[in-house]
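What follows is a pair of complexes built around chain A, which joins chain B in one and chain C in the other.
On to the complex of A and B.
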């Protein structure tokens, strides 16, 4: 059997899966950001008439997934797996969306890296011959995240300058064996690294080592340079984490140039008072499903490396003083 | 020492160096600006409280009663501003200036009440009403007991 594993952590596909469609749904604040016009659907407010924040988040995910299905024009009986994840306890947004969509469901948890993780696992399912089409989607919601990880939404406190703003939004893609669209030739699954950051208000700093580790291994596994990519985008490191990633990469002998950016820096404007930038599963998902996919299709980008970044802590572990483990999953996308 | 189980390559930074780097690249809180706004907003809330006390006193209440009535009114105001979604916006700029006065205490009670109402009145609102204010009550009451005992023994 021809092994598709290359180097330390990378999988190179024999028949690169195709991204047949992508769909993004966001809240009003994301729509007011610099990428506002790239999203497929915008909610008028963060709850959109649902009875709770959690149900609203699940609805976001469901709409993004249904949007991707409709856009790809693939009948439901040809979608063999639905891969989804979110930040809520027991990934209820995904579970409830799966209850509605009725597809064979694999729930994933990679914290905010889940979109890249889902695209990586989905691609392996397709290239491995286990599926014809795979639906991948993730969501996050500012208010569900606040109440689960931090404080009641109406509590009047101050956020630290390194804190990030959870994106209210969901993104989804349909992966297939063949057809028109950008392809996924390789993925690099990350390792969990913990360099001792304990501040849950500084998650960029907690995740940066894992992101740099994944980029280093990816480049070595495929014998590439950062400049082989038009865009290297981490998921949600924000300004602090992105600066740390640059610095760590520099010190590790592989400096990143202007091709490197972070979805958390792209999704909001500085004026929107989000401090260090956007975060959440939805952050990289809506930036990828919207802006990056459109630029790939327009031929503006030829080869992209998307590195989903996840902080693998819980409110309980943080209260108990544990440091925050980070992870990064990289997906190559070629036009 | 980085994790020895990681197959090379991995980042060429030790956890100690990384923590120093992270400290250097993390923006520091704007203490002067925060203090200024805390002072201004906190002072305004307290001045408003004083005006209300004076008004109650002028209306014929005794000093103690005027104080109590004013506190009740300030709590109502804090709760109302929380309910209509304004108090957290004030808190964003004022920080301690809007947390420390009694209006902040109202905010710390009303915000969980709003937040957890969807989980029901007993296990939602009832059980989680003091998630923010709980520690203040526990340590405030404990301190008052200790101070009371010291006072009692002293005299």
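On to the complex of A and C.
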């Protein structure tokens, strides 16, 4: 059998899947950020009339997924798989969204890397001939994440300067075998690395080694340089993690230039007082589904590397003194 | 492109992936059950010298995965993906096992359906030409699950008769493109169904509709009857859920005969006082990796349908009054 692999970790597609549509739904704070105009739908507040933040998060995801379906104009019976994940325990936002949509469902967990993970797995399902269309979507919500991972939101505690702000938002795409839209020619799935960071208020530092590892493996597998990309965007490392990634890449002899940025640095304005930047599954998802997709379609970007970054801890593992494992999954997107 | 799909939900492989090895590790209670002699490794107690039940669960999974790797005799650099999941918040058992193994990692969440989900996705990655070998493994642990989902284990509270006992165990398989071993010719991924069951002490009832739906769709897609299988084994419906599944199938005009059973009914003896049976990701994983694989290899079983069953709730969703969505993923295994 013809193996669609190059190097150690990279898959190269025979028929690169097409991103037929993308849709993003965000909360008011994300709408007030620098990318505000690039989102498809904005909620007036973080709960939008739902009875809990958790139900609201699932609704965000449903709306993003339905938006992507409607925009692609693909009938539900031609969508062969729904791939979704989120940060909540047992990924309930995704499970409850899947209950509404009624599609064969593959639940994923990759923390904040889940959008890239879903796009990577979904692309393999398309290119392998297992699906005509695949729906991929993820969500996060500031208030559900904060009270699950850290402190009661009502407490209003002081956050450390390395802390990131969980994006309230959901992004979704429809992948197809053919049609008009940016294509996914290759993906690089990441390994879990852990250099001992234990501070859940410094996830950027926990994730940076894994992100650098994935970028380095990706470039080596395809014999490319960072400048072969117009944009290399990590998921949500924030300022601390993005700087560390630059440093690791520099020391590895493959410095990143101005083509490198981080979705967590793009989504909020410094004036919004989010400290190190945005985070959450929704962060890279809404930046990709909005701004990056628009720039690809406009021809402003020709080739993008999106590296979803995930901090794979739980409150339980942190309370038990375990350090935070990180992972990075990379997806190439070409206009 | 040639689409490898039949009917609505079923994928049929061009080159059915081979199960090159399987390995199971269980706790003492599972070893005392009727399948005790079929497991590869038995722990003397549920913590085995680790500092917490959660760390112990991750160790169980590592041991099962390493066992499957060793048994297959495949070098690590020829295992292209590790697929894993478990019941713990943010699937930490799997994340920490992935940290040790260092393989490109796809985290899955399908509650107790995760072994079947992993085998289904892993088979697609093999058949699609994206991997030479895929490692799939899942775990569950009575004490980690009980305190996370229900009550403090120290409390020793009365359990309802419909409640199931979470299996302390981990199972893993190595899938490959070729070689000796049972093959996976087809898989049917399930949809999420929810008929309103809210009792986390009655997961069998919550999951039964989705399991029946997947079995019916599978049989219809392949134009088969239940008797075309020597064994149809649901993951962990227990006595309540298995009886309900029989009833739904009967009313749908496709009654299940003696070929149907449930891994949750096989793993413990009635004398072990587990009430409705076993549950947890590890339940179907260790029954499959042990007993079912041995019977396939011995020629006693020719064709098996394994339907992983998942209850997709969380303690948060249950406390907020939400009902429990169910899912079933089916994998065909032929000797």
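As a convention for this text, the second predicted complex is superposed on the first by the 335 of 335 C-alpha atoms of A that agree within 3 Å, B and C clash if a C-alpha of one lies under 4 Å from a C-alpha of the other, contacts with A are read in each partner's own complex, and residues count from 1 in each chain.
Just so it is clear, a contact is a pair of C-beta atoms (placed from the backbone, for glycine too) under 8 Å apart; a residue touches a chain by one contact, two chains touch by 3 or more.
Everything numeric here is computed off the predicted structure, so don't read it as measured data.
**Q** Could you tell me if A:272 is touching chain B, chain C, both of them or neither one (first, second, both, neither)?
**A** The answer is neither, since A:272 touches no partner chain.
**Q** Tell me which partner A:212 touches in the superposition: chain B (first), chain C (second), both or neither.
**A** In the superposed model, A:212 contacts chain B only, not chain C.
**Q** Under the stated touch criterion, which partner chain does A:191 make contact with: chain B (first), chain C (second), both, or neither?
**A** both
**Q** Under the stated touch criterion, which partner chain does A:32 make contact with: chain B (first), chain C (second), both, or neither?
**A** Neither partner.
**Q** Is A:261 touching the first partner chain B, the second partner chain C, both, or neither of them?
**A** neither
**Q** Touch check for A:107: first (chain B), second (chain C), both, or neither?
**A** second
**Q** If you stack the two complexes on chain A, which partner ends up touching A:52: first (chain B), second (chain C), both, or neither?
**A** Once the two structures are laid over each other on A, A:52 reaches both partners.
**Q** In the superposed arrangement, does chain B or chain C reach more residues of chain A?
**A** Higher number of touched chain A residues: C.
**Q** Would you check which partner chain A:88 touches, where first means chain B only, second means chain C only, and both and neither mean what they say?
**A** It touches chain C, and chain B stays clear.
**Q** Under the contact definition given at the top, report the residues of chain A touching chain B in one complex and chain C in the other.
**A** 8, 51-52, 191, 193-194
**Q** Could you please specify the touching residues of chain A with respect to chain B in the complex?
**A** 8, 51-52, 147, 151-162, 191, 193-197, 202, 205, 208-209, 212-213, 216-217, 220, 240, 243-244, 247-249, 251-253, 273
**Q** Under the stated contact criterion, what part of chain B meets chain A in this complex?
**A** Spelled out, the residues of chain B in touch with chain A are 3, 6-7, 9-13, 15, 18-19, 21-22, 25-30, 34, 82, 85, 87-92, 94-95, 98-99, 104, 107-108, 110-112, 114-116, 118, 131-132.
**Q** Enumerate the contact residues on chain C facing chain A in the complex.
**A** 1-5, 8-9, 11, 15, 51-52, 54-55, 77, 80-81, 85, 87-92, 95-96, 98-99, 102-111, 117, 121, 124-125, 127-132, 148, 177, 189-194, 312-317, 320, 322, 325, 327
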